[in-house]
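A, B, C and D are the chain letters, set down in written order, and residue numbers restart from 1 in every chain.
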Amino acid sequence: MKKLINDPNLVITEMLDGFVAAHSSSVKRVENTTVVARKNAPVSGKVGIVSGGGSGHEPAHAGYVGEGMLDAAVSGEVFTSPTPDQVFEAIKAVDSGKGVLLVIKNYTGDVMNFEMAAELAEAEGIQVDQVVVNDDVAVEDSSFTTGRRGVAGTVFVHKLAGAMAETGASLEEVKQTAEKVVQHVRTMGVALSPCIMPSSGEESFELGDKEIEMGIGIHGEPGIEKKPLVSADEITDEMVERILPELELNGNDEVAVMVNGMGATPEMELYIVNRKVHELLAEKSVTVSHTFVGEYMTSLEMAGCSITVLKVDDQLKELLDAPSQAPAFRI
Amino acid sequence: MKKLINDPNLVITEMLDGFVAAHSSSVKRVENTTVVARKNAPVSGKVGIVSGGGSGHEPAHAGYVGEGMLDAAVSGEVFTSPTPDQVFEAIKAVDSGKGVLLVIKNYTGDVMNFEMAAELAEAEGIQVDQVVVNDDVAVEDSSFTTGRRGVAGTVFVHKLAGAMAETGASLEEVKQTAEKVVQHVRTMGVALSPCIMPSSGEESFELGDKEIEMGIGIHGEPGIEKKPLVSADEITDEMVERILPELELNGNDEVAVMVNGMGATPEMELYIVNRKVHELLAEKSVTVSHTFVGEYMTSLEMAGCSITVLKVDDQLKELLDAPSQAPAFRI
Amino acid sequence: MNVNQTAAWITHYNQHLQDQKDYLTSLDRKIGDGDHGINMARGFAEAAKAVEAETFETSADVLKKAAMTVMSKVGGASGPLYGTALLKMSMAAKGKNVEGDVFAEMFEAAIDGIKQRGKAETGEKTMLDVWVPVLEEVKSSGFDAAIVEETAQKAMEATKDLTATKGRASYLKERSKGHLDPGAVSSYYLFVSLAEALKEEG
Amino acid sequence: MNVNQTAAWITHYNQHLQDQKDYLTSLDRKIGDGDHGINMARGFAEAAKAVEAETFETSADVLKKAAMTVMSKVGGASGPLYGTALLKMSMAAKGKNVEGDVFAEMFEAAIDGIKQRGKAETGEKTMLDVWVPVLEEVKSSGFDAAIVEETAQKAMEATKDLTATKGRASYLKERSKGHLDPGAVSSYYLFVSLAEALKEEG
């Protein structure tokens, strides 16, 4: 493995130092934590929004801290949910008295750690609510399982709940917006190569020279199926065909699209995929209102991409257009 | 090689289709060309700015088309300068009568093709001037050679000349700004792994398991020296030490910094590098006014990064802060 | 189990985790995200340090210290679960001599905590598939450290044939079969460490 | 060289470029950016198509057509250079019977064009290091297709020992030594194709 790092044990703290150095005009590090918060947090009269998770998904999650999106992001170790005390620090740092919404991706670890933090916060009289994002259609959603994972669709939750909070809405209203996004957003991912954990230096899974891994998450886990590498159009087609039925789209619907690189995929390829996504949606007379192509929710240096489709209405479109100063999502 | 592509011969046109589909509210494709221009080009009363080069450097160059930056970008084949007729089409598409500035990266092919396009434009009575960017300190600048290459520093030229043009400045004034940037910007790059040309499917150079390539350009060319892989801090130190003497910085100076990923490097690592860059500059009492960390000028899926330092004064800082609507550089 | 043996339980466990770090991580790479050994080794190194740094009055105090440290240093799914298990065991041990039936009470409390936090049941290919057979054995035949270790080992090995329906391995569905559950293996070492600690003079 | 032979020159050259595409690209990968064969094969395929699609009056017309196509289809450094060379040869051939001294005039015009456009001189490890020796040979001993081919080959092979000071290979400085210059090799095939075309009936 080759990485531009110093000590594998220090990657998170050094990354956060570098992040805050780059964006010192708008963010701060909450002292002795792995929490990055808006410089002016808590913002009075505004519901605070806290997200986070394991590291290795950059620009998620610190990149989404800024006016119009998150108030704070908590970083765990690579692919490891942050601990309750860290999440608690984030909650305390952003609560202005109007309450705090936790954006949790649906992983056992994230859910447990964030819920424990919420318990700690409630014990101190802070009003906390949460939304669990589960947009990954590769995983079956059943009451006998842990349910679908939260992946790139989370970025839309940050954006739209963030924009809603900026209007001065209540915790309940912000949560409603977030829930609405969760209900209408679906994602599917594919890997062309595994990623490498800084700590172990090992590839997260094995993949043949002409093989792809369909239905991957964002933690280097193997996907749901190994398949032969085919053309970008065929891969895109298969991914979109898994997403659309879940959204029950018809010809009058509008959607926002995100083509998200997993880390090592050239932007050229993401745009080639985007071309096909638009073609497929046009065939179904679905209108695309917004398109985002780039790296939004990565898995270290994994090659591959995910496609996210969010069904939008007038409210969501307006919130999408609202300004955002987050370093990784400027509008 | 594994790539999310269809036909290697179609990567450029499919990428451009996908790009225009994503950003259709602000850009257009000039018909039957590889030129992406602002939707409202030519912008009356404004000097037009045209950049471009081979493809494979995404988001360069089309990602920098937008209010506050470029008026048009021309894409050649992968790592191959575009032909004069294509550049000429771009010039025609953006000339409002106030003249057009060509931003050329210093490669024999780019210089020749853009100059031939300028000759064609002048023959049709369009006022054209040019600036040649040569920020790469890995290459010696001597009158017996082709001189330093143009690499990531080009993005600063786009931004600052673009902001200047937006003020209604004359072609001469815009060119002066661009030249000022060229004089004060320096870059150094390192690769941890090669890239793979879509057409041949072959790695651009060979690199051992524990080896890095110092002083690489942006076309997958081998660098100036193979070295053992050391820590991020040591690599950063060596790169910064090659850049700073060329800028003759002293304790009162201010700089803008760009830590640019070559394609496959996790953002985590870029921020770790950024941390050290800031530390080194602080040691020399150099103030950092702006920092940009991300993928700005890539080399397909090469792993590695470049560090760019731009010495700024009040004028350049103001132009850096000016708004930009370019998809890959929103301010 | 006196207070010194309780501390030894934690320090022995940490030793095993450091030794098995790569093994546990490689198990997690197969059906999870390749961090279980790293998480556990990081967190229990801190827990062992915390336990060694202080003198404690009771076993419950030792377990509580370990629980709090694990909760804030492991992260992931295993952090809250092991943290909860240790905390519940501390609560069950409070004010008692830890011997005989108290072990069963502690394990039962831990299991309740794990189930409540993680919403899993036995048979879902998680650490519970080691804890629950151990509890059942202790309940039916009384506490015997050697037998606990043996039961844990068999139960751990049996997770190989299970299909995961909870935790990260559940995303693989049938593909999770044929691999040991990393959390079951780390739980097995917890019982190995307990047996070792009990063999020592207090 | 009649008009048919001139067209054959271009189509033969295209054939060689298609055959040598990977070879030229691999040479460019060593000391450049790995696209020379791809660029040349792409552009000359179009040039050959354009030349085959029309009937021309003169050799100059054929060369002009090829020049314009190459200029707009090759790109990179080689596009403008080969485009210029073909255009200048067309201009030199205009209104003349292409034979004897006219070849020298054509090559000289091409070389002037390449030098003006690329600002290189001989000895800098570029295509000029094939063109210039060929011109010198033709100037001193008159035009003989077989000897031109032989001279081109020797000159091409001699680029191996040169250190590049122009073009992309110059970034490697001394490390460029020991490798053939891709543009010199493609230029060699241009003279091979010329010799082949001249051997054919018009």
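The criterion applied here is as follows: a residue touches a chain if its C-beta (ideal position, glycine included) is under 8 Å from a C-beta of that chain, and two chains touch if they have at least 3 such contacts.
The structure presented is a predicted model; accordingly, all values stated were derived computationally and were not measured.
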Partition of the remaining chains by touching, absent chain B: A, C | D
{"item": "Farthest-lying chain, centroid of Cα atoms versus that of chain A", "value": "D"}
{"item": "Inter-centroid spacing, chain B versus chain A (mean Cα positions, whole Å)", "value": "29"}
{"item": "Rounded Å distance between chain A and chain C, as computed from the means of their C-alpha atoms", "value": "31"}
{"item": "Distance from the mean Cα position of chain D to that of chain C, given in whole angstrom", "value": "75"}
{"item": "Between chain B and chain C, centroid-to-centroid distance (C-alpha), Å", "value": "54"}
{"item": "Numbers and ranges of chain B residues touching at least 2 other chains", "value": "none"}
{"item": "Per-residue overlap in chain D, given as positions that touch at least 2 other chains", "value": "none"}
{"item": "Arrangement of touching chains [line / ring / star / complete / other]", "value": "line"}
{"item": "Inter-chain touch pairs (all)", "value": "A-B, A-C, B-D"}
{"item": "Residue numbers on chain B that touch chain A, as the complex places them", "value": "2-6, 11, 14-19, 21-23, 55-56, 58-59, 63, 192-193, 209-210, 212, 229, 231-233, 235, 259, 263-276, 278, 288, 291-293, 295, 298, 300-301, 303-305, 330-331"}
{"item": "Chain D partner contacts - residues on chain B that touch it in the complex", "value": "54, 76-86, 107-109, 112-113, 116, 138-140, 144-146, 149, 197, 199-200, 202, 204-205, 217, 219-222, 224"}
{"item": "Chain C to chain A touching residues, read off their complex", "value": "22, 25-26, 29, 31-35, 38-39, 42, 71-81, 117-118, 165-168, 170-173, 175"}
